[in-house]
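Letters A, B, C and D name the chains as they come in the text, with residue numbers starting at 1 for each one.
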Amino acid sequence: MNKPKNKAAVVKVKSDIEKSVLDFLKKGMDNEIFDAVLIPMKVPAGDSFAYVLIKDKSLLKDASYLPPVMPVQGANAVSSITRLGKGKMKIAAVMRPCETRATVELTKLGQTDLENIILISMDCPGVLPLSDFVNDSKKGMKLFNESIKKEEDKEMRPVCQICDKSSMIAGDLHIGTLGAKKDTFFVISNSDKGDEILSKLKISKNEDLDSWLSKVKNISEEKLKKRKNAHKILKSQVGGLDNLLDTFSQCINCHNCMRVCPVCYCRLCYFDSDKVKHPSDDYLMRAEKTGSLRCPSDITLFQMGRMMHMSLSCVSCGMCEDACPMDIPVAQIFSMVADETQDLFDYVSGRDIEEPLPFVSYKEKELEEMEDAA
Amino acid sequence: MERKIGVYICECGPNISEKIDIDKVIDAVSKLDGVSVAKRYKLLCSEEGKKYLLDEIKKQGLTHLVVSACSPRDHEKTFMEICEKAGINPYLFQMANIREHCAWITENKDDATKKAIRMTKAAIRRVRYHSSLEKKEIEGNPDVLVIGGGIAGIETCLQLANSNRKIYLVEKTSSLGGLINNFEKTYPNMVPGSDIIKQRIEDIKKNENIQVFTDSEVEEIIGFLGNFEVKLKKVSEENVPVEFNVGAVVLATGSSVFDPEKTPQYGYKKLDNVITSLEFEEMNKSGKISLANGEKPKTVAIIHCVGREKVGYCSDICCMYSLKFVRYLQDKIPNIKVFNFYSDLCIPGKTYQKFYEQTIEKNVDLIRSTDINIEKKANKISVIYKDENKNKKTLSVDMVILSPAVIPNSDTNKLAEITSISQGDGGFFAEEHEKLGPVSTTTEGIYIVGSAQGPKDISSTIIQAEAATGKILTSLIPGKKIEPEIKVSHISESLCIGCKTCLSVCSYGAITFDETKKVSVVNEVICRGCGNCVAACPSGAASIKHFTFDQLYQELVEAVQ
Amino acid sequence: MKKDDEFLPKIIAFLCNWCSYAGADLAGTSRLKYPPSILPIRVMCSSRVDPLFVIKAYLGGADGVLIAGCHPGDCHYEKGNYYTRRRFAVLKTIAENLKLESDRLKLSWISASEGPKYAKVATEFTEQIKKVGENHTKNQIFL
Amino acid sequence: MTKAIVINKTADQGLTEVLKFLLENDRVKGVFTLKKINKEGDVSYSLITNADDLKDSVPFYPLMPVNAAKILSRFTLKGPSDVPIVAVLKPCELRAFIELVKREQGSLENLFFISSTCAGVFPLEMGKERLIEKNLSKYFEKIKKLEILDDLRPVCRSCEEFVPYNADMTVKLIGENIDKKSIIFLNTKKAEKLVEGIKLDVSEKDLDKKTLDNFKSKRAEEKKKIFADIDKKTNGIDGLIDLFGRCIGCHACREACPICYCKLCEFDSSDCEYKPSNYEIELRKRGGLRVPPGTVYYHLGRLDHVTISCVGCGSCEDVCPVDIPLSAIFKKVGESVQKMFDYIPGRDPKEDLPITTFEKEELTEFEE
């Protein structure tokens, strides 16, 4: 992976980008480069989207490569298909950059098998908050399309507004719309698999990528600024135990954040296991210390435990916040924490499948600032 | 290891080959994932067929076997044995019943072929998810505990006792023999009861393999076939209980009779010369049938079916012994007049009919009657009744003999609790199956003999004793280990949440609860493998070997495809 | 002789080993005729049939699901079929409430000696399913 | 007639006084009740051991942050409480706990239950938006007039089981002047003993049956509407796909459901994972398949697992991030299944669960 990205292929847009992307995928199936496509599709009721594994080409026309919401994290979809084995089908999986990055993390964790998967990402404008969308999908669609047209992100989810990796390529192919000439888009290859597909489709990658690279560079730098700033503010709000407790005060312990988190892959979460179930006198004792004990208890323990477990792999996809029935800014908090923990090892989750997980590797000389010099 | 499934389709002579296009089936399945060979053969269950299959498994180096042929109820065992011979685990095998369930019931050959393909595919898919199961063997103690020293218990002991099998006979009273001791004669051949019982009791005492505990009661029985821990206690004594281990238990606690005081209309205990059958047997045995005033009765009424409505069943033996009483009376008191009041006569079988006909030849009136009331009238007793036409009539006699219904022995309830054997109609011990398991119970290794299971006469009691003996001798062979059911349930300790749903649906008490770990545990020796607990468990903690969720679900998926 | 276009239902039949499967065998050995729509799945006791199997079968596109066991009181495992009946009743009630064509589900007691009954049930149930028509969940993508 | 404590205060204040008495006089060692936990006035269940902390308690705050049965179950899962504890909960929460106890997921030992005639609660959403405070007065005005407030959760608006079973004390919370007078009925000897010597006037009273029946009939009306409405939606497989299509598979409904008590849910287990070959089969059949699959299967399966014991507490719907009308579906199905066994979940701890027992002669209409 990580081949020099100075050249890319270019595809002419016929009516609109969506159709052309789908057309590109259909070509892939026609030429039997892949047997199926994993891609979001509007659900029959039209009020949301879901990933669908498509084998019958005729279904492709209803797919949408850039849905306005993220009801399921693509990484979970890929792992659902390949966790028990790569299978016989070659599958093109179309998803957003944060989803491909989560997929890469899950691969490191043995939850997916990418051998027969072709990961295709695209420049991501962000997605809308899920609950608002499902309650008025028409309005949602309108909002989303306008935001794209105006290149605005104020309607998008908070984590999306501060995402500096919205065009990071972790997969095999990437649909680049930024900086592309009118009525065209780039198809950027990021792996041998990617190259192979392009050549099989006889699409030569002779187009200069500088325009895309510089546009992406600008956006991510600008977003990174926003991100650092946002984290700074957030830190002042949730930093310190009291603030933290206050932030989670409405948490009802439904563990939704964990359930929808792509990198929370345990079959039975530690915080649902027997290890967190105690005899009555234990709860009583804790109540007596302070006069009363909030129930369900151990909310903060759960949240911090989760940070410990997954912040190194967190891709700031925002699923947790979407799923939180109490609108706790979980995703923003986790993205803040994740940035810092990942910085420790100069690790970026999902950036590169070759990068080992920090917790399964070490350097002889590192983290000295954490050690007691004496 | 790579899966190599061999699929063999039996022509079963013309039975299958004429109804199903076997080659089409072979084409349809031979390309399937994991199938390394698919072939047809004329008759797989024949000697040469078996040999052919054996060689194939070896030659092809098969890991799994699928046979599309007849019903697994016919030949599953046959082919499993071949697998074992060929060195693959017999449970890596699946049968598709394309004869009974397809070839024979389908009109049209196309349809039959399509269905056969479907069934074979399903079998192939299922077998992919089979896993090897190993035979379990546990030490089986051949010794037997027999509870009850009546004819039922005695007969069972004598049948069972042999050089290398110890029998423990427990009797709560001080002497063996039970009710028969009182019978001067027994129907239909009027042999003295003593003739039947005396010699047997002698034999018991002589036999050093039989250890008799009189005045003793069973306190505790814990375990399963081949291994029951038994505790005895001497009645009315505070001594330490006797403890020993047996492989099987026989319940032969017999029966007693309904108490006529519960049916006041018969005047029992209120009027002189109204006695029960058992009292009459004793009186007769003593040789002196007489009224309270010492005189001989000239007229006697025998009332059948006393308490029948109350218990709700026909006691089966009363009619016969009531007729036997007629013989007693006629032998001892010439030209005595006897009246038998009955509601239905129960005279089954070839010999009984003859006995009945001979008995009623002289001086006997059989009166079909209802609503009987017995009252004192002067120095006589009058029997007031409605005849078949519902006309009220009265008849006065010197003596009335009541033939009360047969009921379970008093200590049946206590034993039922100790052995956790359920009680059926009327409180008798419940057999495993009315038709198919008349002497077995729901607990393997515990059997019922004689009237502990329901009213019985001597001959059918003997039959049961022999039946139970047969069961025990074949299931517990000295020196031979017992092989409990292999396809049993298992409950995952890590998944069980301890809601005890499984405990309440298990018919066999095979599941216990580990109070410290708060999880259910299956006793694999007791479990019969019905799978009820598996379907009952909401969290999939319970599973059953060879009928796992995966195996059945994958079979299903293929079948509906 | 049936036309090829005629709809032949796919009916999953869970048969308990001791009664209903034996009954089905008897139907075969007595050469009784019934439609090839029935696809038998053998279980030791009808109480092994997890309602989830039935749901799976229905969502998987089975046109009908038959659960058959020993007659009440005759269960080889004493009382398994009583629980089967309760589970079935619950499932059927759910299906009725959600208008999920509950006619596709059937519970039947067939003893080892009731070959004719098995053939009768198989035929009648198939006819019933033909009236209900094909189960279209098999074409659903968004399950 | 039953003994009842009468206090000229609001129900909240009145009961809080009683609770205070219980803690201060060591009648109980702890109190489970709703309590304000921060300056924003967010409310959560708390285990209170110090009488002073009762000042923030709001026992009858019209919100169900979580179903209290889950909390009590967690509290007594590893064994009964060694010391007396009193819990204030809603009728449906109490019923749910009884159902859990039947499944060995908790213990009644050493627990006292205080409940109320329940007027229903607001959606969790409003708690999140902190809108409840503003609506409290409206809430009480409505119940005083025995009217049903539209803002309440549908499952509450249609609840006919608003009088608690198995409560040691029942607080009157439906009917006139509940804001001036709190009446606390002592249903059990246990309860009478518990408050023995309390410095409050105890008199003989009765829950006004007429009022409750009147209220119940209004609820029944509401239920008819809600059921009729959901009945239109639960229309065969297409209806279910429309209803559950938006489900994101977070299984929050199960997490929040008091009856879902499994350590590992069947639907998270390997049983429900599709093998590659299963995907191939499904694709051959359907041409395409939603991933992860099994959305409808999950909801149908969960329905089958919990329907017998569903108390219609509405937690599932409260936590659903995409607002699927789960409670109406589960309540409607639950009631018809329970009716079949003449079973009311949580009515009586001694009643067997219908799935763990059977009658030889029953349900013959289902068999052939």
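By definition in this document, contacts are C-beta pairs under 8 Å (C-beta built on N, C-alpha and C of every residue); 3 or more make two chains touch, one makes a residue touch a chain.
Everything numeric here is computed off the predicted structure, so don't read it as measured data.
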item: Shortest walk length in steps over touching chains, chain A through to chain B; value: 2
item: Co-neighbours of chain D and chain A - touch as defined; value: C
item: Centrality ranking, top chain (CA atoms only); value: C
item: Intercentroid distance (Cα basis), chain C paired with chain A, Å; value: 45
item: Approximate Å spacing (C-alpha centroids) for the pair chain B, chain C; value: 31
item: Cα-centroid distance, chain C relative to chain D, in whole angstrom; value: 37
item: Computed distance of Cα centres, chain D from chain B, in Å; value: 49
item: Residues of chain B whose C-beta touches two or more other chains; value: 505, 536, 549, 553, 557, 561
item: Junction residues of chain D, two or more chains touched; value: 241, 245, 263-264, 266, 269, 277, 284-285, 287-290, 293, 355
item: Residues of chain C touching at least two other chains; value: 51, 56, 61, 79, 83, 87, 138, 141-142
item: Graph class of chain-chain contacts, one of line, ring, star, complete, other; value: other
item: Chain pairs in mutual contact under the definition given at the outset; value: A-C, A-D, B-C, B-D, C-D
item: Complex contacts: residues of chain D adjacent to chain B; value: 103-105, 261-266, 269, 271, 277-278, 281, 284-285, 305, 352-353, 355-357
item: Complex interface listing, chain D residues touching chain C; value: 234-237, 239-241, 245, 266, 285-290, 293-297, 300-301, 303-304, 307-308, 329, 332-333, 336-337, 340-341, 354-355, 358-360, 362-363, 366-368
item: Interfacial residue positions of chain B with respect to chain C in the complex; value: 71-73, 97, 99-108, 111-112, 114-115, 118-119, 122, 432-433, 442, 487, 505, 507-508, 528-532, 534-536, 544, 547, 549, 552-553, 555-557, 559-561
item: Residue ranges of chain C touching chain A (in the complex, touch as defined); value: 141-142
item: Partner chain C, residues of chain A touching it in the complex; value: 43-44, 50, 52, 59
